[in-house]
Every structure is written in C-alpha cells, then in structure tokens.
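The two complexes that follow have chain A in common; it is paired with chain B in the first and with chain C in the second.
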Partner chain A sequence: MNIWATYQRKLEDEQISPPLAAILSLVDLCATSTAGTMFELVKALNEGSDSLKQHSPNPISINAGCELFIAFVTLFPHDSASFSDLKMELVKQGETYVRQALTYRRKIGELAVDFIKDDSVILTHSYSRVVMETLLLAHRSKRISVFVTEARPRGLGVKTAQALTAAGIPCTVILDSAVAYAMDKVDLVLVGSEAVVESGGLINAVGSLNIAIIAKSSHKPFYALAESYKFHRLFPLSQYDLPSHNPRILSFPPPIEQDNILGHPSSAVGSEVPSSRITQEEIAKNNPDVDYTRPDLISLVFSDIGSLTPGGVSAYLVGMFAG
Partner chain B sequence: MASEVSNTPTQRAVENLAWKLRRRQIVGSRATALETLLVLRHVISKSRFSNMEQLVTIIRGVGRRLVEAQPKEHSVGNTVRKVLHHIREEYHTATRGSAAASYSGFSISKFVLLGQPRKNTPLPKAESKGTLKENDPDDPDSFARSLKPVLMEAIQDVLDELETVYDNVSKNAQNHIHSDEIILTLGMSKTVEAFLISAAHHRNYTVMVLETAPSYGGRDMAQALSAAGISTFLVPDSSLYGLMSRVNKVILGAHAILANGGMFAITGSLLAATAAHAHSTPVVVCAGQFKLTPLWNLYHEYGALDFGDPSQVLGFEEGSLVDKVDVVNPFYDYVQPNLIDAFITNDGDHPPSSIYRLIKETYDDEDNEL
Partner chain C sequence: MAALELMPAAQPALTTTEAPPSTSSSQPSQKSMSKAERRELQEKQRAAKIAQKQQPPGDAPNKPKSKPKPVAPQNPTQPSGADASRSKDATSAPTMDAAEMSKSRNLRIFSHFGLPKHGPGLKGDIHPCIVRLALQFSEFKICGANARCIATLTAFKTVIQDYTTPPNNTLSRHLMTHLSPQITHLVSARPMSVTMGNAIRQLKLEISGSDIDMPEQDAKDLLCQKIDDYIRDRIIIADEVIQDLACRKIKDGDVILTYARSSVVEKVLLSAHKQGKRFSVIVVDSRPLLEGKELLKALTSAPPVSWTLSNDSLLPPPPPIPCTYALLPALPSLITEATSVILGAHSLHSNGAVFSRAGTALVALMAKQHSVPVLVCCETYKFSEGVMLDGFGKNELAPSHLFRDISTSSQEPNLEILNPLYDLTPPSCITAVVTEVGLIPPSSISSIPMALGRISL
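For the complex of A and B:
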C-alpha cells in the first residue's frame, strides 16, 4: 500500500493533526500487513514511518506520532493466541487512541482557561487548532482580546484572525516584526506546537522563539499548548539540530560577477536589476519553517496530562522511551 | 441517607471548627491542619456509609464547609485533600483482589501517562478480600465496619506526620548551615525556629532576625533563638538591604507553597528574597509538606493575600487621621518561584520546579476543587 497517500487522506480531516494521521497510517499498515512475527511487523512499521518521513518536508511531528505507536507496539503486553489476533488488537488500540486524542484539545482548553483572567490581552502566533479551541472556550466566560502575528512565510495568522473575528473575539493581526512593539500591551502569550522535545523546549512555526524571548524580557508568561502525542524524543541543542534543518536554509547566494560591475559601472546597473529581484517565495525558500524555543523561555506546557513545567515533559518521555 | 452529617455531635464539631476558623481563633497552617484532621477523624468514625462514593461525598462536604469558613488558611483544604487521597489508596489496596484488570487495560494513553508497563507485574493475589462488600442490602454497615479500621490508621499516619513535622524538617539542619555563617530570617515561624535550634546543636553561627513590622514576630523569634543559646541580632526591617552583603543564607518560613513553586509567606519575605536575589544569596524555605497547595498564583492577584489588622499600622490614637486614609496591612507576600532556591520539607529537599510533581503525588487531581 502507499502509506504517503494514506497519510494525505487521513490529514484531510480538519481535526486530525500530523502525528495522529501518522499513527492512523501505521494502524492501516498494521491491518493490511502480512507479517507473521513481531519482528516483521516492527520492521514493516519502521519502513512505513521512514517512507512517511522521506516524503514530508517537515518530518518532526510525523516522527513524534510514529515513534509513539512503534514503541507501544513493541511493548504491548499480550496473551493473544495467534499473531493475527494481536494485530487486530493493535489496530483496535490505535483507533481507540485516536478517538480519545480528539478530545484532548478540549481538555487542554479547559486547563488553560483557568490561567486566563478576565479582560486579558493574549498574543498568539500563526494558526493552531488547540489555541483556537482554548480561545473560543475562554471567550464564553471571559472578555479576551487577541493579537495574532501574521506568521510569515505561511501567513496563517490571517486564518486565525478570521476565525476569531467570526466568533466575536476582538482580534488584530500584527506584523511579526511588531511583536516587541505590542508586547507591553499583552498579558500572556499562548502558542500551539509542532512538537515538545525532551528538554521541555518547543518546536513551532518560525517566530515563536522571537516571541518567547521578547515575552521573557518583559516578564510576560509564555504558555505552550501541546497534546501529549506531540511529545517528541529529541534533544536539540541549537536551531541547527532540528531534523527540519537543511543546508539550503540560510544559505548565501553565489556571488554576482564582480568584475562586470567594476568594469562597466553604467551597464552593471542595468543588468543587476533582473538578477537581484527578491521575491517572497525566494525568501521563504532560504528560511526555516519551524524554530526551537528553549525551555527556560517557557512558563508552562499545557497538555492533556496536566499543566507541566517544561522539565516535567522529559519525565513522561523518559517513562515511555527509556529503559 | 448518604450525606448525613446531621447527627448532632458530628455536625457540631464541624460547625465549631468552622466558626473558630472564621473568628480567627485558630490561626497558623499547622494548628488549622491538626484541628481539621481531628474533625475529619471524628466525622469518619461517626458517619454511616455503605460505599466509597458516599464516604467521599461526606468528607468533601465537610471540607467545603471548612474551606469556605476561611479560604485563606490553605492547609485546611490541603488536609482534606490528603485524607481523601489516603482513603482512596486504602480502598484500592483493600479491593485489589477483585480488580486486577490493570494488565489488560493497557492502552496508548496509559502508555503516555504511566510509561512502560512493568515487566514483573506482581500476580494478583489469590486470596480475595471478600470482606469488603459495597452496597450490601442485608447489612448496609458492613462496608463501613470493615473499612473504618484502615481509615483510622490512614488518618493516624497523617496525624503522625503533622506531629513530627518540625523534627523531620530540622533533621538535616546541620547540612544546610555551616560554622560561622550569618543567617538572615524574619517573622516567627515555628518550623524555622526548630530548624535553627537543631542546627545550633552542631554548629556555631549567627542569626540576624528582622523585626518584621507590623506584626513584630521577629522579636519573638529573636528571643526564642537567643534563649536557645544562638548568637542573635534583632535588626530593623529597613537595614535589610544593607546587611544582605554580609549574609550567607536567607532562611524563610512559608504559609502555603503553591504548585508553581512560589509561596505565600509573612510580609517582608518578598523584600528579603528580592534583596537576596540581588546579592545572589541563597534563599531557603523551611516548611512541612502539608503546606503544599494545588493553586497557581500566576498574576499575583492582590486579593489572594490575607489582610491583617490595620490598627497595627495606624491605631485609633491617631484619631484625626483614621477617617482620612485607607490603611491596608497585607499579612502575606507572594514570593515568585524564581526567587527561591530550595524548599526543605519534612520529606526531603526540593527545588521550586518540582513542587507541582509533589502535589500530583500527594493529592488526587479530582480534589483540587473540593
């Protein structure tokens, strides 16, 4: 079967996020697999997850889901009579989990709403389903207003603003470069996440790090919202340790022929214009999609298993993957 | 028939304590915790229940009544939560025999929550405790009768913990205070007093005690310490910052420790902690674990603090002024977690960042709101 196509199909559902889609794809793989032993099954699952990762431009969140499911499969205590029974059981477990996981955003929202006081001004970044859920929930009981960053290069902040305005929440889109200007008016920062890593740090749409640094310097709380399937066993020490980093990001263009400019200054001006035109697409190509926010910049991580300090995340990851 | 705390002596005990709390006849976290525990013991021993839910409802009802009587004494609620946690634990061990289904109930969400399954899961014991029967129609009291002895034991454990709290906090005092150090403290905290006196058995050191206006608890503290033979200086609050450069360690007491690692403590603590922070002097807090409170005070809400008697600040002898000014006398400060280096508790030393974990272990999440 084509696992990438399955993944794409699962992702069409608005509620399904990449890690869950990855889990569902692996569940399908499990159901159709002809593996007769545990070893074969795990091998097939690993190959499936590798193929998913290769197809995706940003493998981080896929990876989190795949690792969770594969670790679960290898550790699942079973007393099934036959291997096909076990596979059926695993499929059932995976589907049950995804069904449960869809309620997590609600749970996180309920946790986070207690931390939003009446009349708050909230800054959020880009578009995140769990942040939307939280803001809409908070809107029912509290007066809130929201600044949302435009979040270039994808510009998803506009989507957030449209949805919030439609729900009757006062909302303004601000430039990514205006975050520092706006921060004094902000009471708290709320961001979603692509993954939460073992250090307790956060991987999220690029620009989150800027916001976190500015929030820290003006003593504003910075909260991350993350469903527990986004906990990812990764320990990046810098931005360049992320799996999404590649040599193209931040690369310098090859130098323009210098002697041409020096030799004929008048003609150089004319010829330079077409070659040095910088388009938005071209900028985006050399820029990262996600960045890594250090744990010391994060006040709390809200997750379906409770509100954790960044250090608490590692305790859960160690529980799952260590030993 | 369930939630009848209406049998008069029990009801009276609860109301009695509620009024004492309301009138501030009982103050201080340990005293209120002890009283609450005694009332809970009374309630449990006298009340009738035939299943777990009824018991929990009864205790919660009492807890709510007491917490509403004095919401600023956090240890009342904490004690109720702790008792509920212990009761559930006892109940689960008593019914383990019939419900050994944890093995087959393994799922991905449990995997995330609890980590890897134990390799050597102890086999369910064959001897099932048939004595514990809920909702027995023939004998509705049988559940209570068989469970009560273990519950009493559980409460006794909590009581023992409260009674030995000073000893256990000060157990390792000599490891925290070194010879010839200068320690700064303030206010009158029994825990800190016991801690300092215990360290004085092994070390020679100097204590500076701030007077701690307007309650002047520091004066009592200085007296108690010098009576125990410690070289003690009583200093005015205003000299705090000037002295800080000579101080090796600040030791504070707490009123309540919050889930984010911050704390409520006597006024002046925030000032001392901030001054210590500026001089990079370590700030250590001595407190029993009954002060752990599942509460986050992230916005430092003004009303979260308790207010003291304004006459301590501006008495009626200043008659002409009294109606011209508003006098507030906040009794506690909220000290943020980043200003605190460690909590020394009766069960080990903990950094502020792991307090929320302790709280998760000590109480059940469902009880955070009684």
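For the complex of A and C:
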C-alpha cells in the first residue's frame, strides 16, 4: 500500500492535522499488514514512518505522530490469543485515539479562553486550527479583535482573516514586517504549533520567533496552543539543528557577472536578465518553513493535559519518554 | 585569633570543662545544650587534645590545615617531597608560625571549604588498598568524579573479599561497620565526591538487604557482582549512550569549545572523530590543575584510522582533529569562533545547577552571552538531590603544597594562594544536559530521578 497517498488522503479532512494523519496512515498500515509477529509489525511501521518522512518536505510534525503511535504499539500489552486479534485491537485503539484527539482543541480552547480578557487585542500568526477554535470560543463571551500576520511565504494569514471576519470578529491582516509596529496595540499573542519540543520550546511556521522576541521585549504574554500529540522528543540547540534544516536554506546563489563588474564584458552574454528577476518562488526556496522559538520567550503552553510552563512541558516529556 | 582569645575572658564563668582555652570560646553550660551540640563539643575537645599532643607546644592550635601531615615515623608511605618540606618547616619554625597566623586570618571566610584533613594517621584497621587509594586521592593521582568513583568501588570489592564476618555477627549487619572507617579514611584524604556518595549509599543498601541465610562467600560474591553491575550500568554504558547522543549534536564544520578535561567529553569528541565528522576543538584550560593538557594529548594522538573501504572505493583516513589550546584569559576572543560548548560535570543539583571544575561557570556564562549553545555531559548517577545556589557554600581547596608553582607562597608571609577546585554554573547558562536518558533542559533535572526510580532505591 502507498502510505504517502494514504497520508495525503487523510489530510484532506479539514480537521485532521499532520500528526493525526500520520497516526491514521500507520493504523491503516497496521490493518493491512501481513506481519505475523510484533517484531515484523514494528519493523513495517518504522519503514512506513520513514517513507512518510522522506516524502514530506517538513518531517517534524509527521515524526511526532509516528513516534507516538510506534511507542504505543511497542508498549501495548499483547496478551490476546492471536496476533491478528492484537492487530485489530491496535487499529481500534488507534482510531479511538484519533477520535478522542479531535476533541482536544475544544479542551485547549476552554483553557485558553480564561486568559483572554474582555476587549483585548490578540495577535496571531498564520493559520492554526486550534487558535481558530479558541478565538471563536472567546468570541462567544468576550469582545475581541485580532491582528493576524500575513505569514509569507504561504500566506495562510489571509485564510485566518477570512474565517474570522465571516464569524464576525474584527480582524486585520498585518505584514510580517509590521509586527513590531503593531505590538504596542496588542494585549497578548496566541500562536499554534507544529511541534512542542523537549526544551519546552516551540516549532512553528517561520516568523513565530520574530513575534516571540518582539513580544518579549514589549513585555506582552506569548501563549502557544498545542495538542499533546504534537509533543515531540527532540532537543534543537539552534535553528540549524532542526530536522527541517537543509543546506539549501539560506544558501547563496553562485555569483554571476563578476567579469562585468571588473570591466571585462567579454563573457557576459545577456546576464542582465536572470539577475534582475527574483520571483517569490525563488525566495521561498531558500527560506525555512518553520523556526524554533526558545522556551524563555514563551509564557505558557496550553495543551489538553493542562496549561504548562515551558519547564512543565519538558518535565512532562522527560517523564513520558525517559521513564 | 585575637577575637577568639578575648572571648573566654568576657565569659569566664561559663567554661566549666577542661578544654583548652582556644576552643572553648563561648559555650553555654552543658545542660542547656542539645545532644548533638554536646557531641560536637566533645569531639572538638578530643580533636584539640590530639592536636596538642601532636604539636610542639609553641604552635598555633588550628594549624594542620595546609601543612603536610605531621606523621609519626611508622608511616612509611609518606612521600619524600613532603618529608623535605617538613624538614624545611622545622628549620624555619618561627617565621612559619607567623605565616600560619596570618593565613588563618586570611582564609577565615574560606575555612569551611574542604581541605584534606591530616588528622591522626590510621584509625582502626584500614585495608592496605584503601590506604593506597587515599594517598592517590590526596596526591591527585586519581582525580575526576568518574575515576574516583570507579577506583573506590573497585577497592571496596577487594575489601569485601578480604572480609570475614566475626563470630556472633551477620554480614548484613556487620560489614557496614567494617566499611565505615575505610570510608572515613578516604574522606580524610579528600572530601567525598557526590558520585562516591551516591555509589556508597547504593552499596549500603545492597549490604543491608543481603540475605542473612546466604553463605558468606556467596554473599560477598553477590555484593561484588552488584558493584560491577553498578559500574557497568551507571558509568560505562551510560557514557556510551551519552557519547551517542552528544555525537548527534556535532556536525561537520563545527567548532567545539571545551574546558579542562572531562572523561565523557573526551570520549564524545573521540567517537565523533571516529564517525568521520570533520570538526575542530578549542580546549580552554586554566591553572592550577591544567587538566586540558591531558585532553589535548588524547585528542591529538587519536588512534590513526586506517584507509576505509566504502562503496567499493578506498577512502583516506580522516585527518586528525584540529585542536586549539588556550588559557582561560583568552576565552573572550575564542568564544566567537565556537559553534557549541561541551562541558563535563562533577555533579548536578536538582535545581539544574552544575557543579564542575572552577572556571566552567565562566565559560558557560560567556557562551550564553554570545548565544552559543552549552551542552553538559553528565551521567544520572552524578545527580544530587540537594540544591546549590553558589559555589561558596560548599567547595574544595586544592592543597597548596601540590600545586605551588608560584614560588612566593613560602616566602611571603602575607600571601596565601586560594585555589577552589569547583564552581557552580547556574541552570540559566546551560542549554541542555546530555544524560543517558536523553537530552534534557537543566530545569527538568528534578523529574529525572523519579523516572529512573531512584527515589524508591
């Protein structure tokens, strides 16, 4: 079975986020697998998750889901009579988990709403399902207005703005470069996340770090919302230590028309044309999709297991995996 | 000193005991003291008596701090160097006396720092291998938290094997009373390290838990087996896992900065080199121990790797690790070159503070200032449940007679060289701690012992 195609199909559902899609794909793999022993099954699952990671340009959130499911499978007490029964049980458990996980956003929203005061101005970044859920929930009981960043290169901020305006929330799209300008008017920052890592930091769409730094320097609270399946056993030391980093990001293009500058026009044949036209795609190609926000910049992480400080996140992760 | 001697005059009526005047400064009557206080007083008096007995009458009573142990001639293990210095002391007795007086004044605020206690020689029956080990400790021949712990446990194995339970006693009850004087002797050579403390606590537990009905030899073998397991699980295997985890954080083109020498860091760097990673190392070092030289030696003489066959092509051996050696004052100009800092640790406290070789805090602080990530490699058996707030509350002084390369200390009566061996790096300066259970932020240290089930041990 083609696990990448399965993954893409699962992602088509608006409610399913990448880690959950990865879990569902592995569940499908589990259901169709012909493995006769636990060892074979885990091997097949590992292969499946590897192939998912290879296909995806940004393996971090897929990895979080895969890791969770494989850890669950290996730790699952297998006392059932036949292995196929066990596999069916695993599939059932996996599906139950995903169904349950879909209620997490609501839970997180309820936690976070208490931190939003009436008549507050919220800054959010890009598009996040859990942030949308929280904002819509807050809108029911409080008057809020929202600034949303445009979030280049994907421009998902526009999607957020459209959805919020449709719901009747005053909303303005601001440029990514205007965050510092807008920060004084903002009461709190609310962002979603791709993954929450062991340091208590956050991996999210590029630009989150800028917002966090600016919020910190203006003494505005920076809240992150993350479902617990996004908690990831990873400890990035710097931006370049992320799994999504590759040599292409921030690389310099090979120098051109040096001869022209030096006054030797001999080899410069029509070199004016490519240098003057830099397309958006070209810019996006050399730029990261996600960045890493250090724990000291984050005020609180809201998750379905509670409102945690970054230190609490790392204690939870350490307790879960190191035990 | 002057203040101390004035006190008894102010409260003469209260001193009813026969203690020498210098130690009985201001004691309330014995009845109003608690049990612990009374015991403390007794011990003080006993120590004073012994000191008086052993010293020529003219000497100051609290002298034996830094002077080599005034041993009776029956102890043949005293090194000849100390003998020489002793004879020199004898010839220049009056000047030394003045020096001692001023020294005790200068060092007064540091007097709680552990110095080798050269108290009364051998007390109780100390096993010869413990005597040798104590000498190696006090001469800094065996140095470093891991080395000292392994050496101690190995020596205890010999002690346990040579032990026979006296009649009308059981091994589980009596062996510990046999080991206690051995431990006391080791501690008198150098203050106990956290690692040794943790290991000994574990050993005590194993001893008290050993089966009473087991034949003696079997019980001893079992204990030795337990010690071997401890060394293997908590130190050797832990180091291997740490090597593996830390190596993943070293990438081609990195510049790793390290301070002094840690056995784990050395292993990490060597194994990263063995994996074919191209990185360079800056070894920062400092007086008085200059341990970085050892690390430099180990890195530059990394075993030559032969030509390797990969994908049907013969690859040349990787070049040796490019190393830079610098002393601590050069750190500000070198830190900008570094991409990450990897440090070792003596112990790790539950608030995430790292107790390590003096100078480490400076390196970590400087790295934080330049936003260079700081990794501390530390096995979980080095964790201490206590909390430390600075390196002043508890520390150890390097014995000046071993590291005296400024020749003035014996001639200048008012000069005392102070060499604290450790300092404390606050958790805010550390990016991550590499342990055998993974990379963890220093603030989450306290959740680790629970995960390892050490609380229940």
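Keep this in mind: the second predicted complex is superposed on the first by the 311 of 323 C-alpha atoms of A that agree within 3 Å, B and C clash if a C-alpha of one lies under 4 Å from a C-alpha of the other, contacts with A are read in each partner's own complex, and residues count from 1 in each chain.
The rule is short, and it goes like this: contacts are C-beta pairs under 8 Å (C-beta built on N, C-alpha and C of every residue); 3 or more make two chains touch, one makes a residue touch a chain.
Note that the coordinates shown come from a computational prediction; the quantities given were computed from them, not determined experimentally.
**Q** Which partner does A:F72 reach: the first (chain B), the second (chain C), both, or neither?
**A** A:F72 contacts chain B only, not chain C.
**Q** So, A:F235: does it touch chain B (first), chain C (second), both, or neither?
**A** A:F235 contacts chain C only, not chain B.
**Q** Now for A:F147: first (chain B), second (chain C), both, or neither, which partner does it touch?
**A** neither
**Q** Let me test your reading of the model: by the given contact rule, A:P221 touches which partner, first (chain B), second (chain C), both or neither?
**A** A:P221: touches chain B, not chain C.
**Q** Identify the partner contact of A:Y127: answer first if only chain B is touched, second if only chain C is, both if each is, neither if none is.
**A** neither
**Q** I'd like to know which partner A:E198 touches here: chain B for first, chain C for second, both or neither.
**A** second
**Q** Of the partners chain B and chain C, which touch A:P295 in the superposed model: first, second, both, neither?
**A** In the superposition, A:P295 touches chain C alone.
**Q** Kindly classify A:L308 by the partners it touches after superposition: chain B alone (first), chain C alone (second), both, or neither?
**A** In the superposition, A:L308 contacts chain B only.
**Q** Can A:G319 be said to touch chain B (first), chain C (second), both, or neither?
**A** A:G319: touches chain B and chain C.
**Q** Residues of chain A touched: more by chain B or chain C?
**A** B
**Q** Of all the chain A residues, which ones make contact with chain B and with chain C?
**A** Residues 311, 315, 318-319, 323 of chain A touch both chain B and chain C.
**Q** Using the touch rule from the top, collect the residues of chain A that touch chain B in their complex.
**A** Contacts found on chain A: 68-69, 71-72, 75-77, 93-94, 96-97, 100-101, 114-115, 117, 221, 228-229, 231, 299-300, 305-309, 311-312, 315-316, 318-320, 323.
**Q** In their complex, what parts of chain A are in touch with chain C?
**A** Touching chain C from chain A are residues 198-200, 233, 235, 237-238, 241, 295, 311, 314-315, 318-319, 321-323.
**Q** Which stretch or stretches of chain B touch chain A in the complex?
**A** Contact set of chain B toward chain A: 103, 106-109, 111-117, 260, 296, 298-299, 301, 353-354, 356-357, 360, 365.
**Q** In the complex, go through chain C and note every residue touching chain A.
**A** So the residues of chain C in touch with chain A come to 249, 340, 373, 375, 431-432, 437-441, 443-444, 446-448, 450-452.
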